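There's a structure below that I have some questions on.
A, B, C, D, E and F label the chains in the order they appear, each numbered from 1.
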Amino acid sequence: MTTHAMKLVTIVCEAYAKAVVTKLLRDIGAHGYTLFAVEGDGSRGRREADIPEFTNIQVEVIVPPEVATALLTRLEKEFFPCYGMIAFESDVRVLRPNKF
Amino acid sequence: MEILDAIQANLLSPAVLFFALGLIAALTKSDLKFPEPLYLGLTIYLLIAIGFKGGVAIAEVGLGKVWLPALAAMVLGALIPLWTYPVLRFGGKLSAVDAAAIAAHYGSVSAVTFIAATNYLKAINQPFESYATAFLAVMESPAILVGVVLGKLATKKSGEASGASLKQAMHEALFGRSIFLLVGALVVGALCGEAGMKKVEPFFVTPFQGVLALFLLEMGIVAGRRLGDLRKVGPFLLAFGIILPLVNGALGVWFGKLTGLELGGATLLGVLSASASYIAAPAAIRMSLPDANPTLYLTSSLAITFPFNITLGIPLYLEIARKLYS
Amino acid sequence: MEILDAIQANLLSPAVLFFALGLIAALTKSDLKFPEPLYLGLTIYLLIAIGFKGGVAIAEVGLGKVWLPALAAMVLGALIPLWTYPVLRFGGKLSAVDAAAIAAHYGSVSAVTFIAATNYLKAINQPFESYATAFLAVMESPAILVGVVLGKLATKKSGEASGASLKQAMHEALFGRSIFLLVGALVVGALCGEAGMKKVEPFFVTPFQGVLALFLLEMGIVAGRRLGDLRKVGPFLLAFGIILPLVNGALGVWFGKLTGLELGGATLLGVLSASASYIAAPAAIRMSLPDANPTLYLTSSLAITFPFNITLGIPLYLEIARKLYS
Amino acid sequence: MEILDAIQANLLSPAVLFFALGLIAALTKSDLKFPEPLYLGLTIYLLIAIGFKGGVAIAEVGLGKVWLPALAAMVLGALIPLWTYPVLRFGGKLSAVDAAAIAAHYGSVSAVTFIAATNYLKAINQPFESYATAFLAVMESPAILVGVVLGKLATKKSGEASGASLKQAMHEALFGRSIFLLVGALVVGALCGEAGMKKVEPFFVTPFQGVLALFLLEMGIVAGRRLGDLRKVGPFLLAFGIILPLVNGALGVWFGKLTGLELGGATLLGVLSASASYIAAPAAIRMSLPDANPTLYLTSSLAITFPFNITLGIPLYLEIARKLYS
Amino acid sequence: MTTHAMKLVTIVCEAYAKAVVTKLLRDIGAHGYTLFAVEGDGSRGRREADIPEFTNIQVEVIVPPEVATALLTRLEKEFFPCYGMIAFESDVRVLRPNKF
Amino acid sequence: MTTHAMKLVTIVCEAYAKAVVTKLLRDIGAHGYTLFAVEGDGSRGRREADIPEFTNIQVEVIVPPEVATALLTRLEKEFFPCYGMIAFESDVRVLRPNKF
C-alpha cells in the first residue's frame, strides 16, 4: 500500500450557492465531491437547518494540490464577495492518485 | 364593523394562531424548530394537494374558462416589478440591484399565502373558483425573470461573480421544486378528474386545514427569526411591505373582475398579487443577482408582507372585492 | 377478574402491541429505526394534538374548574422528589447526585404515557375531563427544578464542570420544545374553541390513535435498546421503577378526588404522578447535573417504568380510581 | 376492448399519474426529491398499513385458509430463480454471478407493486382476499437465499472480497427492515382483530390511497434516474424485464387457482410472482455477491419491470386470471 | 492567493452537550462554527440517530492555534469527565485569517 | 494539556457497504467511529440522499498510525474492487491517546 499526497478542500456555504459551487468543482476538474447539510453560526448569523433554502451545506472535495490552489483562488475572487461561506484546505493521503 | 369581525375571525383561526405561536417560539428563543425533512414533506403535501384540487376543478369547468384570467395573472405578475422597481429605486433610494431583486419578489407569489386565503374563504363559506390554483402556478415565474433582467441591466458585470445567466435563472424559475409540483399536480388532477379525487380525498383534502395549521407554526418560526432584521431594513421598507401589497391586492381584484372571475376568484387573484415570494424568488435571485442584499428582500417578504397578509391582508382583499362587486 | 380483563384489553390494543413489536425489533437487532425527523414530526403532532384538544376543553368548562386540580398537579410534581430522594439515597444507597437526578425524573411526567392513558380510557368508553392536558403541561417542570436544587445542594461544586446553573435548567424546563408545544397548543385551542376544532379535527383528532400506535413502535425500539442496561442498574432500581409508580399513582388519584375531579380525570392525574420523564428531565439534568449517571435515570424511567405503565400501570391506576370512587 | 379500458383506467389513476410525474421530474432534471426521512416514513407507513390489514384478515378467516397458498407462494419464490438463472446465463450470456443476482431479484417481490395492485383491485371493485399480504411477507426471502447460493456456487471465491456469508445474507433477508415491519404488523393485526382495526382505521386505511399516490411520485423519481442506464443494460435485459414478468405472472395466477384462491387473490399472487425486488434483494445481494454488477439488477428491476408492472402489468395479470377463472 | 495556517478543532459529543459546547466556543472567542447530527459508536456504546436528545453531534470550528489550545484544555478539564465526547485538532489553511 | 498524533481515516462509500465497513473497523481494532449520510458525485455517478439504500455514508475513525495503515491496506485489497468508495487518511492530534 502506498499513499499519495492530495488536498482536501472543505467549503461551508449557504445552500443557495450549491448549484454554482458544484458547477465550479466540475469546471475546475474535480472528479467527484461529497456534500451534506449542516447548521452553522458565523458573521452572517445563525443558520438553522430547517428550510433547505436557508440552510448551510458542507462540500468536501479531494483534488491535487494545483487544483486546490486554483479552486481557492476562484472562490476568493468570485464567491467570497457574494456568498456567506468559508473554505479551507488540508493535507490528506489517498490510495489511488489518478482517481482524483 | 363587518371588516373588523372578519379580521377577528381570521386572527382566531387555528392556522393564524399557530403562526403566532411560531413567532413567539422564535422571539423567546425556544429550541423548537421543524427538522428540514418535515418542512419539506409538508411543503410537498400542501403543493400537491392544492395543485391536484385545482386540476380537478379545471377538468370540470374546462380550459375555456381558465385561460383568460390565467393570462391576466401572468401579465400582472410580469408588470408588477415594473412599477415596484422605480418606487424602490427612487422612493426608497435603494441600489439598482436591490430594487430589482425586491421587485422580483413582489411580482412573484407566495403559495402559502394563497393556500391560507383559500382556507379563509372556505371557513367563512365564501365560494371561489377552485381552478384559481392555475393562477398561482403561472404567476410565480414571470416576475422573477423580469426582475433578473432589470437587475442584470442595472449591474452589467461579467464573469462568475455576476451570478448565473438569465437562462439559468429561467430554468430555476420554471423547473424549481415548487412550480414543478404545483403544475405537475395540476395536470395530474386535470387528467384524473372527480374519479381520481374520490380516491385521494381522505388524504389530500379532509386533513388539509390541520396540516396547514401545523405548517404555519413552522412558518411563524422562520418569519420570527427574521424579525430582528427589521431594524436593518429601515422604515421605508417596512411601510413598503404593507402598502404595496394593498395596492397590488386591489389591482389584482380589479384584474380578476375584468377577466370575468367571481368575487371569490377575484379575491384570490388579489391575494396573489399582494403576496411576495420568499422561497422561489430568493433561490433564483441569489443565483442570478448575487450582489443583491438578501437581508432586504427576505426580511421584507418574509417578516413584513407575509405576516401582514396572513393576518390582516386576506380579509382586507376580500373586503375590497366585496366593495368592487357590490 | 375484571382487572385482568382490563389489562388484557390494553395489552391487545394496537398501541401496546406496536410497542412490543418495537421492543422485539431492538432485541433482535433488526436495523429498523425511525429517522430522527420522523420521530420529531410525530412528537410535534402528538403534543399539538393533545394540547389543542385540552385547550378547547378548557374553553368549554372555563378556567374556574381547571385551576384547583392543576395547582394540585403542580404541587404533587414538586413534592414527589422530596420523598423519592431519601428512598433512593438511603434505601438504594445511591450517590446524592444520582438520587436527585432520578427523583427529578419521577416527579416530572411522560407525555406519551399520558396520551396512551387517554387513548385507553377512550377505548373502554370511560369518560374523562379533556382539560386534564393542563395537568400534563404544568407538571413537567416543577420536579425538575426541585431535583436540580437537591442535586446542586448535594454536590456544591463550582466551575463549568458543575454544569449549567439553576437558571439555565429553569429555562430548559420552561421553554424546552415539549412544554412549549404543549402549552402553546393549549392556549391556541382555548382561543379557537369548538369553531377551530371543527377545522382541524380530521387531522388532529380522527387519525390520532393510529399515529400513536405508529409512534409507540419507535418508543419500543428506543426503550428496547436500554433493556441491556437493566443488569447495570441492579435489582433495587428495578423494584423501585415499578413500586414507586404504584405508590405515586395511587397518590395522584387521591389528589384528583380531593380536588374535585371525576373518576377519569383522577385516573389521569394518577397516571401523570406515576409516570417518569425520559425526554425533558434527562435534557435538563444532563445539563445541570452532569455528574449524575445517565444510565441510571434513563434505564429506570425508559426501560422499566415506561413499559410498565404502558402495559400494566394504566389499567391498574384506573382500578385504583374505581375503588376510591365506589 | 375490455382490457384496453382496464389499462386506461389504471393509467389515469392518481397513483400511476404521480409515478409518471416522478419520471418526468427525473428526466427534466428538476431538483425535486423526497428527503430520506420522508421516504422512510412513507415506507414504514405503507408496510405497516398493509401488514396490519392483512393480519386482521387472517384473524377473520383463520390460518387454515392461509397456509396452503402461502406455502405455494414460498415455493414459487424459491423456484423462480431456478429457471430465471439459465435464461440469463445462456440466453443473455451474462456472467454467472450477474445471472444469479438478477434471478434473486425476480424471485423476490416488490411490496409497492403489490400495494398498487390491491389498490387497483379496490378501485375497480374486484374483491380479493385481504390476507394475501401474508404471501407478500413469505415471498420476499426465499428467492434471495436461492440466488445467493447460486452466485456463491458460481464464484467460489474466498476472503472478505467474496462478500458476506450465506448466513449473513439470510439474516439480512429475514430481519431486514421491510420484512420485519410487514411480518410484525401482520402479527399485530392478527392479535388485534377487528376491534383494533376500528381504532387505527382513520390513519392506516382511510388515507392510504392518497399516501400511496404521494409515495409513487418519489418512486417515479428514483426509477427515472435509472432510465439513463437502459442503454447500458442492452436489449436482452430490456425484453427480459417485460417478458419474464408476464410468464411468472401467469404462473403465479395458476398456482393461486391450484391452491384454492379466488380470482382476486390469484391475481395478487400473479403480481407477486411477476414483480421484482429493488430494495431488499439489492441490499442482500450487494453484501453477499459484491462482484455482481448493480447496474444490471437495479436497472432491470427498477427501471424496466417496476414501471411495466405498475402501468400495464397489473391489469394484464387480472385479465389472465379472468381468462383462467371463466 | 495566500493561505494562512489555522487549527480545525472537531468535537463529536452527545447532543445533550450542544448548548454548553457552543457556549464554550463563543466564550473562548471562536467567530463561528459548523454542526451536524451523526451516528456513533464508542466506549459508551452505540448512539443511533433517531431521537434528537439521544444522538451525537459533530462540531467543527476553525480557530487560531492559541485558541485551539485553550479550547482543548478546557474541554479536557471541564467536559471530558462529564460528557461522552472526543475532540481532536488538525492543521488547515484558510484564506482570510482575520475572519477566524 | 498534551496532544498526541493519531490518524483520522475518512471513508465515503455507498450505504450498502455500511455493515461490512463497520465490521472491518471493529475487526481491525478501532475503539469507535462516527458516521453520517452524505450526497456525492464520483466516477459511479451522482448519489442522491433520498433512499437510505441508495445513498452514500461518510465514516470517520481515529486510530493509531499502524492501524490506519492496516485499515487502508485491507480497504484497498478487499473493498475498492467491489464498492463505490474513497478513503483517505490525515494527521490529527488527540488528547487521550489510549482512548483510540
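FYI, a contact is a pair of C-beta atoms (placed from the backbone, for glycine too) under 8 Å apart; a residue touches a chain by one contact, two chains touch by 3 or more.
Remember, it's a predicted structure, so these values are computed and weren't measured experimentally.
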| item | value |
| --- | --- |
| Count of contact steps on the shortest path from chain B to chain D | 1 |
| Each chain counted as touching chain E and chain F at once | A |
| Longest centre-to-centre distance from chain C, chain (CA-based) | A |
| Longest centre-to-centre distance from chain F, chain (CA-based) | B |
| Interface residue identity across copies chain A, chain E - same or different by half | different |
| CA centroid of chain A to CA centroid of chain E, Å | 19 |
| Inter-chain centre distance, chain B versus chain C - centres from mean C-alpha coordinates, in Å | 41 |
| For chain C, residues that touch 2 or more chains besides their own | 34-38, 40-41, 206-207 |
| Touching two or more other chains - residues of chain E | 36-37, 49, 90-91 |
| Pairs of chains, among all present, that meet the touch criterion | A-B, A-E, A-F, B-C, B-D, C-D, C-E, D-F, E-F |
| Chain D to chain C touching residues, read off their complex | 35-38, 40-41, 44-45, 48, 52, 175-177, 180-181, 184-185, 187-188, 191-192, 195-196, 199-204, 206-207 |
| Interfacial residue positions of chain A with respect to chain E in the complex | 10, 12, 36-43, 49, 56, 58, 69, 72-73, 75-76, 80, 86-91 |
| Parts of chain D lying in touch with chain F, wherever the complex brings them together | 33-36, 39-40, 159-161, 163-164, 168, 218, 221-222, 225, 279, 282-283, 286-287, 290-291 |
| Contacting residues of chain F [partner chain E, same complex] | 1, 3, 6, 8, 22, 31-36, 62, 90-96, 99 |
| Touch list for chain D against partner chain B, complex | 12-14, 17-18, 21, 24-25, 28-32, 34-38, 41, 123, 206-211, 213-214, 217 |
